[in-house]
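We just call them A, B and C in the order they show up, numbering each chain from 1.
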């Protein structure tokens, strides 16, 4: 799939062939609060490196809150706080000494509705790297190309890099957002229902893309689409809402097992379509 | 954990560490600087406003007394007051509002209730837009040419009131139209379903609810009227004839408080030794009048907003017309 | 089937038609009388002579034009960045109570009468220019510009603030999620995205500055006979000259010359609103930030509260509200 010159080895993560996967991210006894309201409780959730973890569950059970707490996007909401710890690379990312700006370079995010900047395609992708690095133009061009290739968008846009990103179709815009996110060479990619605003064909393309991307990135995806979760993920996390309106994790296991042989009755009810 | 995996983590950690911490620190510094600059700009505005009000009141309040507010100006001695000018300002306010409000509300009713998209309606909207952007001195010239000379009203309160009407019409129309449009559709539907004509519907179901908004429009327009100077210099004049100081004759010349301030400071009143003190007092009074009007309008608006928000959507049952 | 009473509709229609008639009358009367000036002076003299002297019946508009342009330029150079900074502060940095305070502050600035600004200019700015800055005698273009800065910034702040606030939250999240600091987000994403709304704000600020009469007239010195040598020497602007000289015109030529100046002000104003219309109608991809900026600007700014909550439709163009802010409060 890749035929263009790639960035050098230091710039791309090394794919490990070891089947035993390390833990990239770990929630430790974490609860997420909006003011006094506890949105998600009792999180003890590991995220394995270089795999796709899907978070599923009915609406309103805190899936997005969980996801957005990983790259501290919830900091924008006043009153948001975290009890417990969220360990990433040996540090609690909610420690006050952590620079959330740097964290977001290392953990990228793709949103539900594609949100490219009203700028050219090139400048969308180059945006992240240019925040901190003054690269020679050739290096930047290569990085943009590599990112667009990794997002399976290069062939579509290679002749119109300097046209407005808003001229692309929905599916293309979303892939552009993926390219933009990986241009900063993050270690993790968070995806918040990335296909819910897209047509089925674009959705499938992005799912294929995810399977390619997981070779180098750890992906956590929130999705409403159970077929998508079962198709595209390695680990599935089932969440639901308790009577006190807090979300919690019902069950975590390998995707295939969760869908074919769920341990928890709630999970079973959800995956067989009886609620949600 | 295997050796490969451990290497992997190490490589990642190195890469992370190499992520140009200097650039990052610089970005944070720039961010901080930008925040400081933006905050300073905002602070500047607030401080200047307070300073302005403080200075005006400190200079003017000592000059204000009951005598000051109730006696007329003097020409060659101290101790005169601004009562005639206050009177003219209030007279101008009432007269101009009496003309502007029906015209403005009428146009607003047309635009909100009757007008269909058409070239004519676009022309009306364009005119409203155009009128609202014209500098006030141009209205003054228009008033001088049309009302003063052509209609031969001369320098008079009437000329000024008519000129100010033109000036304020767009404002009155727009706010009234907003108020009328924001009356819930269900009010209209209820009335029409009961067999009312369109006018009856407007008169009985729509206008009463729009009244608070229209009153706000009047108050804001009033604030403008009290503060306007240039058009009045050209149409109402800068003097009050001593024999007709509190006259209700609309064809008399007049001098509003705002114009009086200008006269005192720029044109000069010959022989008036305490002109500065009178001007200070007049400016303070004008400021207080305008502040009261605007604060009043703001309070009224927020009360109105709360009322509207509370009943957004279907009106409460008790509000339905009982017929 | 809605029953209509024709007389009611006609009555209201006639009041609405009044708006069109007034606009037409404005153009006709002012233009008609203004163009009379060319019976007395040649267009070349009027537009090119560097002096406006009622004693010699020489009416060249250059000193007036110069004053208008210079004051507007100086004012905008300081006021525009200041106002845009305040606008970004209000939307991106300020907490809700601070934002409310700032909104009220901006509203109050907008509601102060022009004479009050002129009065303050006389007792504070002019002495300061004379004594602290040692620029001429104080009254002049600099003093006028300083006063105008504070008169113009409410216009720019409110329209720019609205344009910025209309930007979708997803834009901000996209920038932050990729590791931008708040300033980087503002400078690299929000500012370009709100560009047309901000430009509209500045253009309307220009209109406000050009049309302002009383505050300028009180601090600029009102010398029309020549172009001033420096920023502290008596000067004039188009509106200031009109209000100073119209009450005491010395000849028919003088009178029509002044009306012609008023006509030019009218034309400049119409040109500006046309530019704004064009600029805000041609928006490639950026969400209707400036369209909402036009719609949403209730002037006086107080009305934002009312129209925001109460009128979800906002069917009509509220540019006129924005344009209200262009008009001087004199």
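In this section, a residue touches a chain if its C-beta (ideal position, glycine included) is under 8 Å from a C-beta of that chain, and two chains touch if they have at least 3 such contacts.
Just so you know, these numbers come straight off a predicted model, no measurement behind them.
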| item | value |
| --- | --- |
| Chain-contact steps, minimal, separating subunit B from subunit A | 1 |
| Chain pair with the higher count of C-beta pairs in contact (B-C, A-C) | B-C |
| Subunit A and subunit B: spacing of chain centres that average the CA atoms, whole Å | 50 |
| Whole-Å gap between the CA centroids of subunit A and subunit C | 48 |
| Separation of subunit B from subunit C, taking each centre as the mean of its C-alpha atoms, in whole Å | 15 |
| Sites on subunit A at which at least two other chains make contact | 101-102, 105, 131-132 |
| Multi-chain contact sites of subunit C, meaning residues that touch two or more partners | 181, 184 |
| Overlap residues in subunit B, where contacts from two or more other chains coincide | 27-28 |
| Touch list for subunit C against partner subunit A, complex | 168, 170-171, 173-181, 184, 188-189, 192-193, 284-286 |
| Subunit C contact footprint on subunit A (complex, rising order) | 71, 73, 76, 101-102, 104-105, 108-109, 111, 113, 115-119, 127-128, 131-132, 164, 166-167, 177, 180-181, 183-184 |
| Footprint of subunit B on subunit A - complex, ascending | 10, 13-14, 16-18, 20-22, 89, 99, 101-102, 105-106, 131-134, 185, 187 |
| Residue numbers on subunit B that touch subunit A, as the complex places them | 1-2, 4-5, 7-9, 11-13, 15-16, 19-20, 23-24, 27-28 |
| Touching residues on subunit B, where the partner in the complex is subunit C | 27-28, 30-31, 34-35, 37-39, 41-42, 44-46, 48-49, 52, 55-56, 59, 102-104, 106-107, 109-111, 113-115, 123-125, 127-142, 144-146, 166-167, 169-171, 173-175, 177-179, 181-182, 192, 195-200, 202, 213, 216, 220, 223-224, 226-231, 233-234, 237-238, 258-259, 261-262, 265-266, 279, 283, 286-287, 290-291, 294, 297-298, 301-302, 304-305, 308-309, 312 |
